[in-house]
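Structures given as structure tokens follow.
What follows is chain A paired twice: with chain B in the first complex and chain C in the second.
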Partner chain A sequence: MLAEFVHLTITGLLIASLLALGAVGLSLTFGVARFANVAHPDFMMLGAYGVFALNTLAGLPFGWAAVLGVLAATAIAVPVARLAYDKLPVSGTVQLLIISIGVSFALRHLVLFAFGSSLVQYAVPLQRPYIWGPVRLTVFQMLTLVVAAVLVISVHLLLTRTKLGRILRAMADNAVLCEITGADVNQARLAMWVIGVGLATVGGALYGLNLVIHPDMGWNLVIPIFSAAIIGGIGNPYGAMGGALVIGLVQEWSTLIIPSMYKEMIAFVAMAVCLMVRPRGLWGK
Partner chain B sequence: MIDYLVAISTIIAIQVLLTLGLSFQYGLTGLVNFGHVAFYALGAYSSALLTLAGWPMLAAMAVGVMLAVLASLLIGTATLRLREDYFAILTLGFSELLRLLLMNAREVTHGTLGIPGIPRPFVGWLAVSHQVIYLALVLAAMALAWVLCELLARSPLGRTLRAIRDDDQAAMALGKNVLAFRLTALAWGAALAAVAGSLWAHYVTYVVPDQFTPEITFYTWMAMIIGGPGSMLGAVWGTAALVTVVEGTRFVKDVLPMVDESKLAALRQVAIGLGLIFLTVYSRNPLRKRQQK
Partner chain C sequence: MEEKVRMRIDRRRFLETGLTFGAVSALGLGYPLRAAAQEPVRLGVLTPLTGGGAVYGTAMSRAYVLVADEINKAGGILDRKIQLFTEDDQTNPDAGVRGARKLVDVNKVHAIMGTWSSAVTMAVAPVAITANIPLFCVSSSPAISTLQDNDLVYRTAYRQDVISAVYALAAQKLGAKTAAMMILNNPYGIGLRDSFPDRFAKVGGRIVGQATYNANQPSYRSEIQQALGSKPDIVLFGGYTPDGVQVFKEWFQLGLGGTWMGPGFAFDQKFIQAIGADVAEGTVVVEGATNEASSAYKNANKLYRAVHNEDADFFVSMAYDHLMAVALAILAGKGDTSGDAIKANLRKVTNPPGTTVGTWAEAEPLIRKGEKVNYEGASSAIDFDDAGDVTTNFGLYRVKKGKWALEQLMRYDELKPLL
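Coming up: the complex of A and B.
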């Protein structure tokens, strides 16, 4: 029982770090650009496929493939986001939301067209876990936890200690006022997409290191990631980290009492309950 | 060729029911329903399970409609007070949740295997093929739904719904129960979707959870946006145009034999995604008045 609990907790932490990389970016873009980007988890899918293409198909060693794959996916996804969300003559949250559905649809099926619909994985050797008592961790799992933690802390430092971070937080607060004070809003928006998309593609690359990937993976992450962001209070990147932790852990722990096939429902139920009881999120003011 | 035309017309007429419901919800009332397929699935599975248990078709359809209305009232009461983007995500989540249930409640729905052998009405009637009689039934349902939607949209109810869409605070200040009106619109669209699902189940004679992916929802969104959200006539011709074009692309493989079928299907979905973006940008926005404030 204890061993199983520890095992579930570790899996939950791993899932939470993957969700956090998606949810922090989603929350950031929601706060600044003010719409729910349903295509955000598909940027994770692009990251995973970028690494897959370079590692499994082109035969690069994993380290190089990971770096170049993430860069390539970000280089594709940022212009897509800029074009679809910043350059089109639309305004209004609902219009941008519908457009993001279209972006998600197009990206998913482009990947399907290019790589097929089967489950695939990276060409990395199977890892032998290190064992400390009931704790079992492979090198890749440790890498996932460390990279996620480092990135999340970097975003925190960026938001609190740099001029860009101050502009982004000001934009989330009041975009018009921020522009009046002379901040380069357009450039900050570009930076926001680079940060959000970059976190997502790294998250996707790590996802592929722990799980098999397929073109629908982004779509399947929509509910858990939105859940994490909403529970944390959407628009608040710090809340998103906490939200991801809650969803990741509760989802895994739930398998102790309910059939595991229903664990995907946990995220949705948590989000629905949170919105009804506390729409500003657990850590919202 | 006649068979093909009959099949296409049946598909269009069933899809029109879905589009009418969504247009009523979004175009007229401003509800961003991203879970339309859930109500369609409720109609289809109710019909499948009950007619196989010996119920008559209409009674099974009525149960499906009631279930869909109940579900819509439940979700609506819980989430309609929230902002429209939260409502959108929650309805989308609800439709995925329902699909997950259909896949996993094996004792009732047979999971991913689905339910085959749903009876098709009019089989064995003389003179004309049962396909043609079924098309007549579906067209009659579509025409009835269309007329009802037009009448409702022009009635004082429709006027109130448009007022709520444009400015819910003003409507509230005039003493309208905004939540009750929104629930009415949501339930009416859900009922139409359930009828569509029931007709679909009896037409294809089997249901599987894979038929009820969010793709149906977004396909309906596209059909509605083509015809103009809020226009009931537009829902009819928008659906006809979309289905004709998408079905037409199936013939592309005769022209391009070197592209295999699954790749072509993927490209078709890419086109649907891009089409949705393009149409959203260049079509009328029913929420423009509210957003101008």
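Coming up: the complex of A and C.
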């Protein structure tokens, strides 16, 4: 029982770390830009395909491919987000939401067109795990946990300790007031996209390392990532980390008592309970 | 007024046609009459060239062409050439019905061959039944056996409901005493999960672990641990290729060991390519086995190899059998291509008694002499029962260096006690 619990906890942490990289960026962009970006998980997909293209197709060593692939995917996705969400003469939460659904479809079909619909993998051999009692982790899985933790902490430090972070938090509170005080709102918005998209593409690259890459992977992540962001209190990046942990762990722990095919439902029961107790999310204001 | 104009035109047409006919017969050409006598035998091929069944459907559609060419080179069926019309069913019932309608209404085919997905076969069957032409499929749903089909729907594949007995037999042959199940939560997976344990118990086996998972989960790690935690001798996989690749990747990374067993459509070439030959090594694949000893298989393999440089698999062999069965039935009916004639003669040429034949060259002279033949097919014995089904043998394959290698043959007789 204990061994099983430990195993499930590790699985939950692995899933949570991948979800967190998506959910933190999603929450950040929701807080600042004030709309739910459905295409956000597709930025993760772009990250995975960026690494795949450079590693498997172009034959770069994995380390270089990972860095350059993430940068390339971010360099593609940020202008797309700027153009679709910041430059179009529309405003309003619903309009931007619909545009983001369009962006999501467009990205997925571009990838389908470029790389086809088959499952793809990086050109790295699969690893056997290190085993310590009930703990089984490959080097890549440890890397995933570390990278996710480091990035999430970095975002925390950036938001709390830097001028940019202060501006972003101010924009989330009241964008007009923030602009009146003389902050460069436009530049801050660009920075927000770079951070949010960057986290997503790194998350996607790590996802591809542990799981399988296909054009629909982003779409399949929409619900878990949004749930994580909502549980944490959408608009609050720290909350998103906590939300990802709740989703990942509750889902896995639930399989101790109920059949695993219902675990996705349990995540939503957890979400409902959280929202009943704290309607603005666990860490919401 | 309009009436009159049309009548005049009709009369003029009539005269023209009559004169032409007269002139032609006067010249002694008699062309239209001879053409009617040599009208081709029109057969429809309706396989998936796109969608989930594309790999199988494409190979099958190539096989039909090869067999038709062979028969045509030998002079055709009573001097009538076989003409094939091919449509893509897209592994989609709607597209399948559109394709079938086109084959029936526009091409006026005498039979349709090749539907792969059970959903497509079920959708296309009414079109064939209404047109009173036979339909030959390779689908596996048990519902196809009980269709009110006026004896027009035939299948050369195995029925899905024998498959859990096949897995039990395979497990026994591998010496497995304990098994676990890793099952996709859909009707196919649940059907397997509910039927396998009883069959496995009949061979003295015991289920020691199981997990049911949903499609498109980000991770299957905890399910794999749940199913394999008790170290079973064999793990039955009840899913498809996409989830299979992810399950295998996470299973390998967990370092749990164990042997997987699953269907050919999940552990296919795409799967092996995606997961890597070394990870797939040793995986047990259960799939319909070709009838390798038959002259039909040897011929099908020779034809397919010569053009496509690959061995004829179970599906290519079934396509060979479809066309051979139809052609022999038409020959036995002295060239009658009506649905009634084909179905009346089909079992006469495919089922015992009679001289065993497997190729057009073997069968044609005997049938012309009026002798009874028993077509022994490339995929199975092709002895259609009352439901239009056949019984097939199965192969226990293992993935070796990225390819399936036949390890043991499982004859249908061995399965019977487990059904």
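Methods note: the second predicted complex is superposed on the first by the 264 of 285 C-alpha atoms of A that agree within 3 Å, B and C clash if a C-alpha of one lies under 4 Å from a C-alpha of the other, contacts with A are read in each partner's own complex, and residues count from 1 in each chain.
Heads up, the rule we're going with is that contacts are C-beta pairs under 8 Å (C-beta built on N, C-alpha and C of every residue); 3 or more make two chains touch, one makes a residue touch a chain.
Remember, it's a predicted structure, so these values are computed and weren't measured experimentally.
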| item | value |
| --- | --- |
| Contacts of A:261 with chain B and chain C, given as first, second, both or neither | both |
| First, second, both or neither for A:212, with chain B first and chain C second | second |
| A:102 touches, of chain B and chain C: first, second, both or neither? | first |
| Touched partner set for A:138, first chain B, second chain C, both or neither | second |
| First, second, both or neither for A:84, with chain B first and chain C second | first |
| Chain B versus chain C as contact partner of A:16, first or second or both or neither | neither |
| Contacts on chain A seen with chain B and repeated with chain C across the two complexes | 259, 261, 264 |
| In the complex with chain B, residue positions of chain A that touch it | 35-36, 38, 84, 88-95, 97-99, 101-110, 112-113, 116-117, 222-223, 226, 230, 259, 261-262, 264-265, 268, 271-272, 275-276, 279 |
| Complex interface listing, chain B residues touching chain A | 32, 34, 78-79, 82, 84-86, 88-90, 92-94, 96-97, 100, 104, 218, 221, 262-263, 266-267, 269-270, 272-277, 280-281, 285, 287-288, 291 |
| Contacting residues of chain A [partner chain C, same complex] | 4, 7-8, 11, 14-15, 18-19, 118-121, 125-129, 131, 136, 138, 140-141, 207, 210-212, 214, 216, 220-221, 224, 252, 255, 259-261, 263-264 |
| Residues of chain C touching chain A in the complex | 185, 211-214, 216-219, 221-223, 225-226, 229, 241-242, 245-246, 249-250, 252-255, 270, 274-276, 278-279 |
